[in-house]
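When the chains are written out, they are named A, B and C in that same order, and each has its own residue count from 1.
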Amino acid sequence: MKVLYALYADPETAQRAVDALHAACSELNFDERQIVIISGEPHEGYDFADSHITRRPYGWAVFGAAIGAGCGYLLTTLTQRAYPIFTGGMPLSPMWTDGIIVYELTMLGAILTALITLLVGAKLPNFKGVIKDPEIWLGKILVGVADPLESSQQDVQECLLGAGAAEVKQFSGVSD
Amino acid sequence: MAHKWGLVVDLDRCTGCEACVVACHAENNVPTVGKDQAAIGRAMQWIRVERSWEGDFPNPKVRFQPVLCQQCDAAPCEAVCPTYASYHTEEGLNGQAYNRCIGTRFCANACPYTVRSFNFFNPSWQKPLNLQLNPDVSVRSVGIMEKCTFCVQRIKSAEIQAEAEKRDLKDGELTTACAQSCASKALVFGDLNDPNSEVSRLASSNRAAKLMGELGTKPNVTYLDRGAWQDAKNS
Amino acid sequence: MQKTVEQIEQDLQRPTGRTQRAAERIEQDLLRPIFTTSGKYKVAVAVSGLLVLAGVAAFGYQLYTGIGVWGINSPVFWAFDITNFVFWIGISHAGTLISAILRLCNATWRRPVTRCAEAITVFSIVIGGLIPLCHIGRPWLGYWLIPYPNQRGIWPNFRSPLLWDFFAILTYLTGSTTFLYLPTIPDFAAIRDASTGFRKKICRILSLGWQGTPRQWQRLEIAMHIMAIAIVPVAVSVHTIVSWDFSMTLVPMWHSTIFGPYFVTGAIFSGIAALILAMALLRHFLHLEQYLTPLHFNNLGKLLLTMSLLWFYFTFCERLTTWYGNTPDEMAVFWQSIRLHFAPLFWTMVICNLIIPVPILSMKRFRTITGTAIASSTIIVGMWIERFLIIVPALDHKFLPFSWGVYRPTWVEDTLMASSFGMMALLYLLFSKAVPMISIWEMKVGLQPHGGGIITTAPAIAEPHGLVLEGPLPTDVPE
């Protein structure tokens, strides 16, 4: 993977660069999904960051909690009945004490789903072609285009420089 | 009809001779831990004779009370065991499956009577006691909780014998080691479900009381005591 | 491209230039402890490592000989072991709970606090979870608590509070580890890009190939929000269930309905104390003076004061109810702990948990870093004693006077206890060498003009922001 990119000192100029790339993408023959934005911290209140806001993970967490509760019920109630032991008049699977374990497994389900949702949603783990520039950790924002056509590279560079970057760099895809 | 094993302890008859304690050690392979360990509270006894004084010198009255597992119907020890090592048998005994026990000691803390014995070390027997181990009873290893079983090996053996002979168990056909060795007949063992058994008759006596019956553990061991009878009469 | 002096000055005057400079500083300050190792650090690792080894040796001796090498007896079947278990699980309420609540409340001053708090949580659950395994009579069979199909016909008893413990600790450990790990992913990526060799390889794996796209940041923040919501009820349930180990029995002064909230309060109380102590040490040894500021100690000090009073309220309620009820079984235990055998311990506890901390924490003049650290140290001692006094006096004066006993710990128990503290120190020290003890990216978000963060929409208070900006420029950083 080859990325043409520039580093921007603040989110405003980065936003400008992203807007310019969006405007130029049909002309320069690349898809909007090829635009790469990378930062060392989250930015709020800018279109490039907020366009990904979704509330779906909450729904998934509730779904995971339901799965956890189901597993808890199966584990405590059904297995106990499948493995009957004489409890001398005491209930084999009392609702209240089983409820404690069902509760814990419900929460475990929610937690694990939140983790899985993050991994899937953020496309992690992903060790191939991690685009990086050490300067993003110093507060800069990387904006670029992944795999632009040979013919349009010059135009992409101009686009990035026009938004206020000092220079355009190239990431050749060599990972660690 | 299923059996419901029970024991009656007649405190008015008990002389405190501790023959029951010795018999229990012998019958159930209960190890002796030595006086150093016993002094720091590690003595292992499935039945112990507690001693108390009433009145002051020069005329104290000594009283003895054998305390053993009360074989509760609603046993606090059973519910807390995470591995079902303490469980309830179909004949109403509080069973203890040694192989399942992982030694959390929760049951011993939960037991209000403190009648459970824990193997703090691997057991050993002084010579020649090592030659008299009962082959019908398993020897417990380190880290395991053990307790009075109402001599379940005797119960099982008698039941199997009766079944082979296709008859019901007779009252007095079997008894526990402690009851068998009691010279003053203070301990009586039998089936509480049999209304004609001696233990049933004694358990319904007006001298009868349960040890800490107010806790709601529903013990199957009954104590007979004239004091209790007098209280009942006066009220 | 070399910048001219005029250009640099121009950059400095623009707010973004200053922000970037502060971001660089944060990066340098917080990564420095990872790449530099002092002599003191090595000594601390050696000492705590030796303590852990001593504990391993003592445990080996116990395994070989039998648990009788402890001081436990009949009727005191639980003593130091369960005291330490409850104590460490209590300490674990430092992090996750505090950091989750502060996250949910948008308290922006939390940023430098959360990482070191969450680390305390994870390590103390690990220690707290190991203790029951060491304390059972046959530790090699501890896995029998896990419900899985097997050929030996063993299935756990879901009515046992110990099994509730197992599930609660499992959920809590999974949750807290996730809660600690998620915000470190970007920091691992930062270390990956700043380091070489072995550390780079490890951090490459731990960062899971983090890039920092807007989508990743957004998903990370939302996952943290869900985790924060989920972990609070779990933390409350964990210590409630620990309290049920006692209150589900009939034992006098254990069989109490107040134990759930009482234990949770005590747990948060000791947890905040542990957090303040850890923060004071980190601040001193990692030179984080500009990050962990008097403001944090002041705020946590107020929280600690609240918990101290709440702890006293619960203790008073519990003791008064017992005293007024005046049942003989309970009064035997009551007088043991207040007037007789355990009275010195009881009153030490009251002094440590109430009489020393409350005056220190209620006066602004004393609510300094030193003041809160002193109060926290006494509270940690006091809360350990509190757990001991809940467990042992009740057991050794249980119901029948014939079976009353005396408990005296042996060197094996003392060693194991010291080892648990050594293990905490060791894990914490090693962690501080692997991960920045303050979340770098969250500090940077604090620099953003509006406080930043997709979930955290409240305006930032100026504290970390201002202090970092006013600090010396990156060139002045002491090595």
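Just so we're on the same page, a contact is a pair of C-beta atoms (placed from the backbone, for glycine too) under 8 Å apart; a residue touches a chain by one contact, two chains touch by 3 or more.
Model, not experiment: these values are computed from the prediction.
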Chain pair bearing the highest count of C-beta contacts: A-C
Identifier of the chain whose CA centre is least distant from the whole-structure CA centre: C
Chain located farthest away, centre of subunit B as origin (C-alpha): A
Centroid distance [mean C-alpha coordinates] between subunit C and subunit B, Å: 46
Length of the line joining the C-alpha centres of subunit A and subunit C, rounded to whole Å: 29
Where subunit A and subunit B are represented by their mean Cα positions, the distance between them in whole Å: 64
Of all residues in subunit A, the ones touching two or more other chains: 85, 90
Multi-partner residues of subunit B (each touching 2 or more other chains): 79, 84
In subunit C, residues with contacts to at least two other chains: 155, 159, 163
Residues on subunit B engaged by subunit A in the complex (per definition of touch): 73-75, 78-79, 84, 87-90, 92
Touching residues (chain side subunit B, partner subunit C) in the complex: 37, 40-43, 48, 50-52, 65, 67, 76, 79-84, 100-106, 108-110, 112-114, 116-122, 142-145, 212, 215, 217
Subunit B-facing residues of subunit A, complex: 85-90
Touching residues on subunit C, where the partner in the complex is subunit B: 65-68, 71-78, 132, 135-138, 141-142, 144-145, 154-157, 159-163, 166, 245, 248-251, 395, 398-400, 402-403, 405-406, 408
Footprint of subunit C on subunit A - complex, ascending: 9-10, 36-45, 48-55, 57-58, 61, 75-76, 79-80, 83, 85, 90, 93-94, 97-98, 100-101, 103-105, 107-108, 110-112, 114-115, 117-119, 121-128, 130-132, 134, 136-140, 166-167, 176
